[in-house]
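For reference, chains read A, B and C in written order, and residue numbers begin at 1 within each chain.
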Amino acid sequence: MNLEYLWGGFSVALTLQNLTIGFIGCFIGTMVGALPAIGPINGIALLLPIAYTMGLPPESTMILLASIYCGAEYGGRISSILLNVPGDAGAVMSAIDGYPLARQGRAGEALMLSGLASFVGGMIGATGLALFAPLLAGLATGFGPAEYFVLMVFAFATLGSMVGSQPVKTLIGCTLGLMLATVGLDATSGAYRFTFNEPELGDGIEFVVLVIGLFSISEALIILENQASGFTVIRQLGRMIARADDIRKSVGTALRSAVMGFVVGVLPGAGASVSSAIAYTTAKRLSDTEGTFGKGDVRGLAAPEAANNATACGAFVPMLTLGVPGSGTTAVMLGALMLYNIQPGPMLLTERPEIVGGLVASLFIGNILLLILNLPLVNLFARVLTVPNWLLVPGILVLSIVGVYSTHASSFSVLLMLGIGMVGWLLRKLGFDMAPIILGFVLGHVMEINLRNALAISGGDISILFQSKISLVLWVLAAAMAALPVFLSRRAKKRLKATAPA
Amino acid sequence: MMKLKTGALVVGMLFAALAGNAMAEPAKPECLAGAKPGGGFDLTCRLAANSLLEAKLISKPMAVTYMEGGVGAVAYNHVIGKRGSDGNLITAASSGSALLIAQGKFGQYDENAVRWLGALGADYGVLVVAADSPIKNLGELIEAYKANPSDFAIAGGGAVGSQDWMKGAILAKAAGQDPKSMRYVALEGGGAVLTALEGGHVKVGSGDAAEMVQHHTAGKVRILAVMSPERLPGELAEVPTAKEQGVDIEWPVWRGYYVGKDVSDADYNWWVDTLNKLAETPEFKKEREARGLYEFTLIGKDFDDQVKSDVARFKVLAKEAGM
Amino acid sequence: MSDKTKSTSLAGRVGGVCLLALAVAYGIGGSRIEYAFASDPLGPRVMPVALAIVLGILCLFYLRKPGIAEAFPTGPLLVKTLAVPTLIIIAVLLLEPLGFAASIFILTAGVGWVFGAPLRKALIGAAGHALLWWFVFSWLLEVYLPKGTLFG
């Protein structure tokens, strides 16, 4: 196995600039994760345009975004433990045993223990990613337009696992994303589509505008409505050092959960919420001999925390090797690469090893930084939870406006962002998820262009889509992916119901 | 005739130089790139910004700002609408801008809505095939195309109507085919064209010399013809021009600048004068070479004429191609 | 309770009809895209038209069973909800004439107040926001932001 790229990556990630960026990303990520109002996708959406207008090179931007992503998985546990409100989707299961521990006055111990579990998960996930990333690089030149098109079909098929309980809504969201992607200059015929003679729409809807609109603006309005329900923060942290006995007890659970989390992360479409649920239920089934799970068992806390961090790393595997996003967050990161005119896909590692290597190396470094940040400074992050919404939300809005305004220096894009945000809010109220829209938008453009280019090469003969071995394998995988996750999520849901009666 | 022209030029330059002394340099020199950082417009701006400062023709660094949209259309409209009289600002343009103006894709404005300042370098169109292709020169390419037009996919880094497409269309016409029925594959930039050639997905690629030259020397692709008036210097000296091979086509991709319509003559002349001085400095020549551009210096009135004749030429070409 | 679910399923239906209308308008717009000619067999119109048909069909499924929807805000909460985008629009329109710091002050003060802060706190908080973000962006990160044209 050739790990050349990884050593090169360390030399990228260990420069002073990228170390600083990684540190900033970890810090912001933990904060973003700790705040129940905003998750990693909001953090990334807000910082991406700023990184971009500052002229950061693509590898530094990817390091920043990856650090935020991982940081958020660390930070999510803080509010799960102290508030009983998960800081983000991956930390839902951490509250089940984390909050009871905090109520017993052992919040400090719980925070340290979960920090260690997160570290184990993150390191195992990063190692897995480092080994997996170069596997598909050899296929690179075999990918022509036809193969890319089938790859995109595969990517859409993986949506099956994100479908959840309301498949029609997911599919509508995805279609809306595809429709938004058609706005602007048609790269094949040079025709302007749906631009309404507005030159600012000539290049289509800016990715940043869409992401910030859908996630930040609509989020602000949702927060406004949910204001009434108040939380109580547990302020007594107790002793800050975990007991050696508890650590010993959790090691096995954490290791096992990390491996499971990584595997789930590699599967496109299944995210940290699924993996932490699987890890928790498995740990409960294997270890809960005395019925202590759910009442403050340290293993019940270690399992989901190790799993969700490993999943975050695993989700980079399909993203970096195939250009297929496994989650809303990785979809945004793919969009970020496209902002730099970098086409993600199998040839990414060969063409831009510094990006893949830098990102993977920064995950190792980031996990160490996060452990350092999260053990002694956890008090600081806990205090973030007390920032009132009237101070926090205006800050989110300022970041949104600056982010959009700075890429275009025009009011038009800010107003477009606001319009998209309002529609996004309406859709969220109707029970639509925003992630499929982003996925449709990111993938739709690539899919249409490659289909049309494939047909331009063949002169309209559809058989070109089934000619190469790569295409055939992808078709089979697509069919399998469309069927499998539906089955998996049904099973996971059944188990979840059995363990979490609330 | 020739003498007269040079004479006029010298007098003009003297005049400009004299006036130049009286003129102040812009307080906040700025170059606007109508695209993302890293693209062609960015390169054009950096060429001016870096070499002007290195040659000490400006005392403060020139800021490079970005406003992407519509391959420069947003920047064009912005300069016309909001900064028409700003003498600090020059905006990057290329022959691609002239092509888009000719096709009416720059909104309601035509080529007379700004003052064209000058071009400082150019790249030239090339036709390439994969290194293992049996085709060795332009003549063979045309024959191969004629023999089997329905099996001949041409890839370029732009949509139908773009410069890369135009070059392909000229090839199609040379082979006696209708450009409309050409199997053109629109990819995202030269890198993608290279991958498509290497993977054997397309037979011919249309692109520019600067981005293809390294792959030519690395033995990945073969450049069949350069679309320049004379052979290009350096690594491409052995590649014949299209003209030498009997196809009368030149495709310079110039890189230049414009300023707003209402910029004062004093400011305009300061820029013209400064660019003229710049073009002679070794710092500039080094900088131009580093950015893979060939010599193409055309400043002031001459450049203005060039842009206008380009737009007229592109209009004819587009019509011929059936756009 | 039954009232609430009724009204929300109504909201779902209204949303479904809007999406259906979008599909129709998008499809018609897509079939009328102007282009000289395309080098590929599909051309620029096929994808939009196909998407319009897909969305249309999905909307019919959705209209049949709109599923769960949250209640829309009414009364004072609705006013507050609408106040947020209005404040953003005002801030954006004032961005170029008043400059970044001043318009951000107005936005953050207004939104802070809408989010329930007493007026005095909202104003102090907004001053903090304006100072902090101006410092971070204009000074630390050197992002281009308008300084305002009104005061020269």
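Simple rule for what comes next: contacts are C-beta pairs under 8 Å (C-beta built on N, C-alpha and C of every residue); 3 or more make two chains touch, one makes a residue touch a chain.
Quantities reported herein were computed from a predicted structural model and do not represent experimental measurements.
Participant: What chain lies closest to the overall centre, CA atoms only?
Facilitator: Chain A is the most central one.
Participant: When the contacting C-beta pairs are counted for A-C and for A-B, which pair yields the higher total?
Facilitator: A-C
Participant: I'd like to verify one number: the distance from the centre of chain A to the centre of chain B, where each centre is the average of its C-alpha atoms, in whole angstrom.
Facilitator: Taking the mean C-alpha position of each chain, the two centres sit 41 Å apart.
Participant: Please tell me the distance, in whole Å, between the geometric centres of chain A and chain C computed from their C-alpha atoms.
Facilitator: From the centre of chain A to the centre of chain C is 23 Å.
Participant: Taking each residue of chain B in turn, which ones touch at least two of the other chains?
Facilitator: In chain B, 65, 160-161, 165, 183-186 touch at least two other chains.
Participant: Residues of chain A that touch two or more other chains: which are they?
Facilitator: As it turns out, chain A has residues touching two or more other chains at 53, 186, 188-190, 192, 409, 453, 456, 459.
Participant: In chain C, which residues are in touch with two or more of the other chains?
Facilitator: 35-40, 144
Participant: How about chain C: which of its residues touch chain A in the complex?
Facilitator: Within the complex, chain C contacts chain A at residues 11-12, 15, 19, 26, 29-30, 33-44, 47-48, 51-52, 54-55, 58-59, 61-62, 65-70, 72-73, 77, 80-81, 84-85, 88-89, 91-93, 95-96, 104, 107-108, 111-117, 121-122, 125-126, 129, 133, 137, 141-145.
Participant: For the complex, which residues does chain B have touching chain C?
Facilitator: 65, 160-161, 165, 180, 182-186, 322-323
Participant: In their complex, what parts of chain C are in touch with chain B?
Facilitator: For chain C paired with chain B, touching residues are 35-40, 144.
Participant: Touching chain C in the complex: which residues of chain A?
Facilitator: 50, 53-54, 166, 168-169, 171-172, 175-176, 178-179, 182, 186, 188-194, 217, 220-221, 224-225, 227, 388-391, 393-395, 397-399, 401-402, 405-406, 409, 411, 414-415, 418, 421-422, 426-427, 429-431, 448, 451-453, 455-456, 459-460
Participant: Of all residues in chain B, which touch chain A in the complex?
Facilitator: By the definition above, chain B touches chain A via 36-39, 65-71, 73-74, 77-78, 105-107, 150-151, 153, 158-162, 165, 183-189, 191-192, 195-196, 198-202.
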